[in-house]
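One structure is given below, represented as structure tokens, and several questions about it will come after.
Chains here go by letter, A, B and C, matching the order in which they are written, and residues are numbered from 1 within each.
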Amino acid sequence: MDLTIFLQLIISGLLIGFVFSLIAVGLSLIWGVMDILNFAHGEFLMLAMFTSFFLFAQLGIDPLYSLPIVVIVLYFIGAGTYRFVIKPLLGYTVLIALLATFGLSILIRNLVLFFVGPNYRVINESILAGKTFSIGGLYFSVPQSVAALLCILVTYGIYLLLTKSKFGRALRATSLDKDTAMLMGINTNRIFEITFGIGAACVGVAGGLLVNFYAVFPEVGLNFTVLAFVIVALGGFGNNGGAFLAGILVGLVTTMGGFFIGPEYKYTLVFLLYLVVITIRPKGLFGW
Amino acid sequence: MPILEVKNLSMHFGELAALEDINLAVEKGEILGLIGPNGAGKTTFFNCITGFLNATRGDIFYKEQNITRFGPHRVCKLGICRTFQIVQSFNEMTALENVMMGAFCRHHLTGDAREKAEEILKFTGLQDKKNQLAGGLTLADQKRIELARTIATEPDVVLLDEVMAGLNPTETEEAIGLIQKVHEKGLTIIVVEHVMEVIMKISHRIAVFDSGELIVDGPPEEVVQDERVIKAYLGEEYHAES
Amino acid sequence: MQSAKQFTSIFGGVLVLFLVAPLIIRDTQFQHLMIMLLLFTTLSQAWNLIGGFAGQVSLGHAMFFGIGAYAAMAPLNQWGLTPWIGMAIGGLVAMVAAVIVGYPVFRLKGHYFVISTFAVAEVVRELFSNWDWVDGPIGLDAPLVEQGWRNFMFYHTKLPYHYTLLIFFAVVMFVAFRMERSRMGYYFRAIKQRPEAAQAMGVNITLFKQYAFIISAFFTAICGSMYGLYVLHIEPSTVLSLDISIKIVLIAVLGGIGSLWGPLLGATILISLQEYSRIWLGGTGRGIDLIVLGALIVIICVYEPNGIVGLIKRFSRKKRKA
């Protein structure tokens, strides 16, 4: 097999992998702090992509410039979800919260379907879209490279936020032991809301960048939800660093598998990987 | 021959050695008190014995059988049952049903299990509350239910993790009486407790943990006078109180 | 828990109602509604065993449903094999699938089970869509074969479907009823409420979750077979779809998770609502019904997590106090 093709595949896998990572880190944050699996995560991504798309199609704002708007919108969608859907359920078993987010995902997906229809929408003429550059005979898609770069930066930013800031300390204390954190004067409610907001903002970044090279349609979130779950589980419960690495791995597996075995089996492969990993290493690839 | 014996037991969480090279044997019919400051490793010790944690190193023998890697349900079936430091009632079940959960361990038919549970409820003085949901009862009652359902599994060894924490003096007295009653049935008991008066009163022997190590093991009178114990633990609490 | 006497009388009443209803009301639209009602009550009760009683939420029951549907239809279509054997095969395959999905994750704490069910269902749909033998995404039609019980095909009456499903419904209700008051039922509830405490009481929680899942998968597959034979056409995007999984869960949630009568109550409301709303709103292809379903799930979870059964309990408690 041709080495160039192989390298090219690795590059594509890595580039999309970084985007997966950011999406998964957003999910992992919420999961780790609240032990809630947010089923609407993929729908948040879809909303981010549509926000960006319509800002471009209706107002002519390039996705690159509208990124901050998308992120802010998504932050509030996340925080709002927490306040109106999750918070009332905190006293019940996690099962209820899980079902609630599941219902929310159906609601969002079909509302969007109702208002904009099932069509695929693509952005062809933005600053980034459709451009490529090459290094040493290898081609790089510009929108994918920019997306990967920004996703790495944001993930790193979140890492700093968690480890270095006062908020990060409060968040970690809360995720370890909610009651004790509350006794120590931490407003856990506020922490949860912000965490949900940040988790959603992460997919805001990812979605705002994805529109440059990925078709937008109401069902786009579904596959990303599955992928994000699997990535988080691979990385290990609440382990954001693990989620980051697992995202890259899944990016490589989907790209390679899609090429060698067939694109229709991409998710089957990822899922098989998941099954094997949790059977051998239940705490995830990177947990102890 | 001891009924329960732990040899070179170590439990590490990453860097942290929650238990380090513990050797301890319990004789049949004994009440062993287990004390030590917060984070000494007492609960971890229980978790290892009952199979909730897989020890990093070492072996656990029960009636000469090596049970080191046994899962929690197998350990229970063999006759070792425990309570939890933080009460774990089946909140949506009645007191009776909670105790039935224990009784099901040896009695597979609902009727038999209910009969056994009724008997235990009487024994533990809970029969008035049998139809109330456990989640709505006081902490003292919930702890008592936990003890009751533990006995209902018909164990030979019971491990009690701070069953008196958070109780008022009267409730504590009652709990002590109950533990002694359980002991009279011929059960072997290991109790973890922070209140020294209680542990001194009921234990035949006391083992002291500190930072994951077993530092002293002996009769209560000796243990209270041991230098190391005073330094590690009693220094702050017992002396302050007396 | 309901007393055995209470249950028997309500159960008897419901059975009589379902026995005579299609004989009295000959309107096919209504008969169709009854069949869907029986089907989804049974499905949802099957889900309830694992999701409600044992508290292990499965969002991928469509995989068992689809396996059942294909197992009955494909051999009939290809070899003329009687669907009764197909149905049995489907039940078995679903049980094996339940072990494959459950075994790696039931040992683990946390959300691994939900993730697995959700993802495997997607994978199974993908696999069937790419499987030539069952005509991939196009799906299978019931062959034109002789009517009768051997082929389980009836072209002029819905009654055989109705009564077969009634038997399934009765069996599953009875199983659920017996289970609720047996050791297994207690164990399921204990696993749902306090898995650690259950373990300390000698419960092999991995094994019992697995039991619940296997039983649930079996009944779901059988319902899937019936569905395929009744509607005469199956394809991955219907019988293996997320929509099926959603509907099964929603009915249980709406009626009351983990309660014996929840599925029937939930199905009565949801299926009537859906069948009639489809007549009024349907055909737009824009999923108004799914908007309603999604909103319903969220609203119930937020305001009355115990569903209609919870509402009834709350109401009767108030009345007693007043």
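What we mean here is this: contacts are C-beta pairs under 8 Å (C-beta built on N, C-alpha and C of every residue); 3 or more make two chains touch, one makes a residue touch a chain.
Note that the structure is predicted; figures quoted are calculated from it, not measured.
Taking the touch definition from the header, please name the shape of the chain graph: line, ring, star, complete or other.
line
So which one's got more C-beta contacts, A-C or B-C?
Contact tally favours A-C.
Could you grab the centroid distance between chain B and chain C? Build each centroid from C-alpha atoms only and quote it in angstrom.
43
Taking each chain's centre as the mean position of its Cα atoms, how many Å separate chain A from chain C?
32
Residues touching two or more other chains, restricted to chain C: which are they?
none
What residues of chain B sit close enough to touch chain C in their complex?
Those residues of chain B that touch chain C are 50, 52, 71-74, 76-77, 81-82, 84, 88-93, 97, 100-102, 104-105, 108-110, 113, 149-150, 153.
Within their complex, state which residues of chain C touch chain A.
55, 57, 59, 104-105, 107-108, 110-112, 114-116, 118-120, 122-123, 126-127, 129-130, 192, 242, 246, 249-250, 253, 257, 285-288, 290-291, 293-298, 300-302, 305
Touching chain B in the complex: which residues of chain C?
The touching residues are 181-183, 186-187, 189-190, 193-194, 196-205.
Under the touch definition given earlier, write down the residues of chain A that touch chain C in their complex.
Touch residues, chain A against chain C: 31, 35, 37, 39, 84-85, 88-89, 92-100, 102-111, 113-114, 117-118, 222-223, 226, 229-230, 233, 237, 264-265, 267-268, 271, 274-275, 278-279, 282.
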